[in-house]
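As structure tokens, here come the structures.
Here come two complexes built around chain A, the first alongside chain B, the second alongside chain C.
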Partner chain A sequence: MKAETVEEFISELQKKAERGELLYIGQDLKRLDDLEKVLGSPVYTNDLLPRNALYARLVLSKYPHALIKGISISKALNYPGVRYVLTYKDVPGLNESSTIIPDRPLFAFDKVRSTGDIVAAVIAEKPTRAKEATELVEVDYEQLPAVFDPLEAMKPDAPKIHENGNIIKHVKVRKGDIEKGFQEADYIIENTFRTQHQDAVALETETAFAVPKDDKVLIIGSMQTPHHVQAAVAKVLGWPIDRVEVIQAVTGGAFGPKSDETPYDVASIAALGALKTGRPVLMSMTREESMKAHTKRHPAIITHKTGVKSNGKLTASKVQIVLDGGAYASLGVLVIVRATFHANGPYDIPNVWNDGYKVYTNNTYTGSFRGFGAPQAIFAAEAQMDEIARKLNIDPLDLRLINMLRPGSRTSTGQLMDESCGLPECVEAVVNASDYRNKRKQYESQNGTVRRGIGIALLHHGNALGPEGNDYAYIHLTVERSGKIHLGTGLTEYGTGAISGLAQIAASVLGVPLDYFVIDRPNTLVHHETGPTVASRVTAIGGNAARDAALKLKQKILPVASKMLECNVDDVVLVDGYAFCKGKEGRNVAWEEIVKEAYDANIELSTLGYYIAPECKWDPETGLGSPYNQYTFGAAIAEVEVDMETGQYRVLNYYVAFDVGKAINPQRVRGQILGGTVQGLGYAMMEELVHKNGYVVNPNLKDYYIPTSLDIPENIQTFIIEKAGSIGPYGAKIVAEPPIVLPAPAVRNALLNAVGSGVNSLPITSEKVLNAIKSSRK
Partner chain B sequence: MKSLLIKMNVNGVDREVLVDPDDRLLDVLRDELNLKSVKEGCGTGDCGICTVLMDGKPVLSCIIPAFQANNHKIVTLEGLNSDPTMQKIQQSFRKYQAAQCGFCTPAMEVVGWHLLNTEKKVDKNRIKEAISGVLCRCTGYYDIVDAVYEVAQQ
Partner chain C sequence: MEQAVFNLSQIEVFQPASLKEALKILNDNRDAEIIANATDLWPRIMNGEVKPKKLVDISGLRSELSYVKREKGVIRIGALTTISELSEHQFVSEKRYRAFNDAIKLFGSPQIRNRATVGGNICAASSSEDLIPVFLAYDAKVKLASVDGERIVSLDKFVVGKRELSKRHNEMMTEVFFEEPDDGYSSVFYKIGRRNTLIINLVNLAVVGKVQDKRVVDIRIAANRVKGKIPERARKTEEFLKGRTLDEETIADAQRVFGEELSLSDDFRASAEYRKQVLKVLLKRGLNVLGV
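Moving on, here comes the complex of A and B:
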């Protein structure tokens, strides 16, 4: 507070007190963890490595599908500087490194199923020595027939990658009467869309080191979900989990793959290496190892068949999604659920028939990545909408306005939308800001070499885990005698600032400034298992637990304050680090004084907050029901400029709105929208981890392009819509993932507007645009 | 045993370091001199987060053999932490929440500092050009450009 007189100070306190629990909600408070980041302090995993550590490098499979007839490590072991070579024979517990379906060994033993499979790990005094020695590990392979196309892999006579056939998971939505829906239609439109492997490219690769500690092992690593890593390592070691301590170091980007199986691999290999050598071992993936061995975004083949009346009303939507799962199931068995439930886009369609398949192939495996199936599904759904509009010769915006979700309408699974559906407001915001109607008219008659186009895309995004698991969180708050408040949780920070947001919520409830808070490092031996840090769920789910912990702490603080202030407990107000009694603002006590008083009165000040979201109910056979408690909505409009002779294009303007329920910290919401948008533009325009016969062709950042600062649209405008959701704190919905979804369909539809023909596969390279230009001239 | 003795001035201090022929400048800075702000993101000179200043110019420390730094002057973020312009940049990064995961932050700050110290008039496009060799996967660059631009205007 900057008050200069006592009166001003008191009046500010009174004013802030009127905000009640919303004291700091909706404010751009700064994050608590960035001082160390801007100073370049040593806080990331590899920065913390003890000096006497050894380094591990991986031996990856030479073939996409082969039997292993023998492994000889003797030459590698004798190489200068090499201290150990790990293979499956060194695994004392279960040789398994899987999340949901136990189909993936840590070290390949009987066969390899992809070129990302780990066969051995060499441990040496220097990374270079370890790398050189990997060439000396001799593996005797017998090649097997392989399959790389997921449609081929679904056929009964395809090479079997695992025992039980290649279809890992089949998800269904069956709503209404699909045949009747097609009969009612005036037009039926069918298209197939394809998407590519996208690599998350967190700038810090997967990394962990292990330190042997008596009969225990300490692991420090980069990850989203330390408790799952703890369980995975304990399983590999054959130990009770309490002998494995996992600490999440400051993490240099995650985006999903660091919640999947690769963090298990690096932690388990580091742990095995440390126990075999008695020294700390670092398993820090090179970029190439990471791009070959970690999970990527699933390529998808998506076919749409849509029935529509000539007035634009959709009558039926039949969608088949086939995800290329690569060699292992990973969290991908849940990715296909989200993809299938979102396959028809944010529209009210009476008759729906969706089939989603996740399929094994001999490509490197795919799994969790920001958006979790939604980017593929919504790209196809929104491209299909523009193709329908073209067929009907109506504006794509009008087609959407006729069919889109609004309060009172129902999703593909029959879930009723209530007042929390802010999709119409999102559309309105971007349509107005972009001057969509006029631009559309303006671009109708273009003749030059350089042409422009404008396109729109919408989304809904089921919040948090929904069908993906029990959605719960624990937050510990502990107050030191000094008044400092520690916030501890198994939920992790990896860049979004969401954990600072939890402190912001607790601060708001307690009426204590944010800078009293300290965020403790997640530690599996200190913090409760608290579910995975995925699905953008920290604020919406963890926020409720933070609020719960703060309310419980407040219940301990208020009686102490009331005694000190000599007034009724119900009249005590906590604001900005002070307590006073209603109407007696002149007499107040500081937070530090109350805390000291509490400790002196033998009252301990720590609480455990907990929250679990209401169970989501849906029928697994039909998909019908409410698979998610609440939805985030979004709309984007992209404006592009295309060179008609080369197919080269750029995105000039991008307008994007999200209904986030309640923005706890609007600046950080905007940060997620901007960052997700640019990662989504990479997906739309340039990123593809190319697989050729099971080999990754471009496992490096020279040949795999991600957007640089020169690739971003000059003009980007973001809008935050707030239609309170039913479960998040103060109505908050999730926001971190949806922004990556919209660029691909919005850019694709803008290009369609510019050149008159659509590109139905990602990424949309200039070559594909040129082909579209040629085909529209025919 | 490390076999080559090299001399460098690092962050204003003359250092002598024994290195291997295959050590990179990055390894020496991080492992021998404990300058952990210098990050490795690709090891192939493509992501830019290992950027340091060599004789006043940004270079990629992951593709420079350590022995090539012999008799050169190296500056990392640690050497600039008490510089007033760098402190302004750091404060501005915090104000704009331009450090998300933070892994590219030191390189972005060093490159931004170099730009502001070598050019008088800097607009947003020039900042975008200057930082285009450093990849960021979290922010989409906008907040970083705004953070540097605010200092450029002071």
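Moving on, here comes the complex of A and C:
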């Protein structure tokens, strides 16, 4: 507080006290972990490696599908510097590294199913030695017929990748009477859309090291969910979980793949290596290893058949989504659920028939990645909307206004939208900011080599886990005698700043400035198992647990302050690190004094906050019901400029609005919107991990392109809409994932506006745009 | 079964202090590879694409081999001149050398431009080296030095295939040079890729020429993959254009000749057909730049 006099100080306190529990909610408070990153302090896994560590390197499968007839490690083992070579034979527990369906061995043993499969790991004194010796591991393969196209893989006579056929999961939505819906339609529009493998390209690849400690093992690594890694390693070792201690180091980006199975691989290999050699072992993937062996975003083949009346009202939507799952199920069995539930876009359609399939192929496997099935589903749904508008010859915005979700309408699964549906406000914000109507008119008659276009895309995004699991969180608050407050949780920070947001909520409840808080490193032997750090759920779910822990702590603090201030407990107010008594503002005590008093009185200043979201109910046969407790809504408008002779284009302007319920920290909300937008522009314009006959063609950053600062629009405008949701703290909804979804359909639709023909597959390369230009001239 | 093991720690590295010493080392070690600032070779070594046993690190020879000289109508560029140093020389700002300016702007990143050398870019001899077509379009020659003395080879006889140089094992490229075209010349360079920087080109094209009163007095066109897998001159298109009046019809015909001359191929970045279409468009644009 910057008060000059005691009077000013008291008046400031009073003003802030009026905000009550919302003291710091909606404020752009700084992150608690930014300084160490700016200073480049050694905080990441590989920085913390003990001096005497050994290094592991992977032997990946040579073929996309083959039987393993034998593995000989003797030559590799005799290579200078090599200390051990791990194969399936070294696994004392279960040779398994999987999240939901136990279909993926840690080390391939009977066969390999993709070129990302791990066959062995060489452990040596130096990483170069380990790398060199991987070439000496002799694997005798017998190649099997392979299948790379998921549509081919669905056929009954396709090569079987696992015992039980190639369809891993089938998700359905059946609403109304689809045939009746098509009969009522004046037009029926059918299109097929395709999307590509996208790599998350976290700055830090998957990495972990293990240190043997008597009959235990300590693992330090880069990951989203340490408790899941702990359970996975314990399973591989055949140990009870309490002998495995996992600490999440500062994590250099995650985006989903670090909640999937690859962190299990690196931790398990490091742990096995450490136990076999008695020394610390680092398993840190190279970029190439990571791009081959970790989960990518699923390529999708999505067909839409939509019935629409000539007045623009949608009558029926039938969608089939086929996800290329690659060789293993991963968290992808949940990705297909989200994709199928969001397949029709944010529209009120009376008759819906969706089929979502996740299918095995011999490509490298796919799984969790920011957006979790929504980027594919919404790209197709929103491209289809523009194709419908074109057929009806009405403006794509008007088609959306006629059909979009608003309070009182129902989603594809029949869920009723209440006042928390802020989609109309999102649309209004971007339409006004972009001058959409005028631009659309202006771009109607263009000729010349350079042309412009403007396009819109909308979304809804079911919040947090919903059908993906029990949505709960634990937060520990412990106050030191000095007054510092430790926030401990199994939820993890990996770049979003969300954990600082938890402290911000607790600080607001307790009336203590944010810098009193210390965030403890997540440690599986210290913190409760608290579900995965996924689905953008830290603020919406964890925030409630942080609030609960803070309220419980406040109940311990208030009586102490009450005694010190000789004030009725109900009149004690906590603001900015001080307690004072309503009506007797002149007297106050500092947080530190209260804490010291509590310590002296033997009051335990430690609380455990807990929250579990209401159960989501829906019918697994029809999908009908409420699979999510609340929804985030968003709208984006992109404006592009196209070179009509080469198909090259750039995005000039991007306007994006999200209804986030309540922005706990608006600056960080904008940060998530901007970051997601840029990653989404990469998905839209250039990113593609190319597979050819099961081999990754471009597993490096020379040939896999992510956007640079020169590739993104200079003008990105963000708008925050706040329509309080039913479960998040103070009405907060999730925000980390949805922003990645909108650029692809918005850019695609803007290009359609510019050139007169749409590109139906991602990424939208200049070659595809040129082909669209040619087809529109025909 | 793969048996050969490449051992990084067993690379023998020579660090000569003078050109004379470097040439002696090259003469004595048939299997030695030259490495300058390592922007091309080192990633390839780390990826296991090449497995040299001996390296001659010439980065210490900057005092002898880093220079841009402009004398007697000839521009001479030392092999160890970095791209940043080249960009700072006054000559690249002239209209007749705009192709250099264009290529440098699209060359890697600032960090790469500070390290990568002109000689390294030429000797890497691949389709991703954007300076090769530019130098080809200026009819550049290279100077090769060895213990036996020096000789001059024209660039198109020096870079003969993908990763393939026509030189003896004991020779080192020390300089690239070309005669200055008169200031009636114009030039332009285009490069197109999937993003705006840090890319391997889908196509590139350098055009240098002189057009007077709409008539093509001289023209040189170089692009990636005209015939083989390296940048080459499009001689047929040049011959077609020389002496003609640059009008729409001539340009359209030149595009057709150019299209027929090109032998492009598909890869995961783009199809041959797309590359050809774009190159034809760029040729038209290049000719229009010259015609202005």
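By our rule, the second predicted complex is superposed on the first by the 778 of 778 C-alpha atoms of A that agree within 3 Å, B and C clash if a C-alpha of one lies under 4 Å from a C-alpha of the other, contacts with A are read in each partner's own complex, and residues count from 1 in each chain.
The rule we apply is simple: a contact is a pair of C-beta atoms (placed from the backbone, for glycine too) under 8 Å apart; a residue touches a chain by one contact, two chains touch by 3 or more.
What you are looking at is a predicted structure, and each value in this text was computed from that prediction instead of being measured.
Touch criterion not met for A:653: it reaches neither chain B nor chain C. In the superposition on chain A, contact of A:98 is made with neither chain B nor chain C. Shared-chain residue A:128: touches chain B and chain C both. In the overlay built on the shared chain, the residue A:489 is in contact with neither chain B nor chain C. Once the two complexes are overlaid on the shared chain, A:368 sits clear of chain B and of chain C alike. When the shared chain is aligned, chain B comes close enough to touch A:674, but chain C does not. In the superposed pair of complexes, A:708 makes contact with chain B and with chain C alike. Of the two partners, chain B and chain C, it is B that touches more residues of chain A.
Within chain A, the residues touching chain B in one complex and chain C in the other are 126, 128, 700, 702, 707-708, 710. Taken in their complex, chain A has these residues touching chain B: 30-31, 33-42, 44, 46-47, 126, 128, 200-205, 250-255, 286-287, 494-497, 667-668, 671, 674-679, 700-702, 706-710, 712, 716.
Residue ranges on chain A touching chain C, taken from their complex, read 79, 126, 128-129, 132-133, 135-136, 138, 288, 645-648, 650, 685-686, 690, 692, 697-698, 700, 702-703, 705, 707-708, 710-711, 765-767, 770. Across the interface of their complex, chain A is touched by residues 20, 22, 30, 34, 36-44, 46-47, 49, 76-78, 81, 90, 93-95, 97, 99-106, 109, 127-129, 131-133, 135-145 of chain B.
Listing the residues of chain C that touch chain A in their complex gives 1-9, 43, 47, 192, 194-200, 268-271, 274, 277-278, 281-282.
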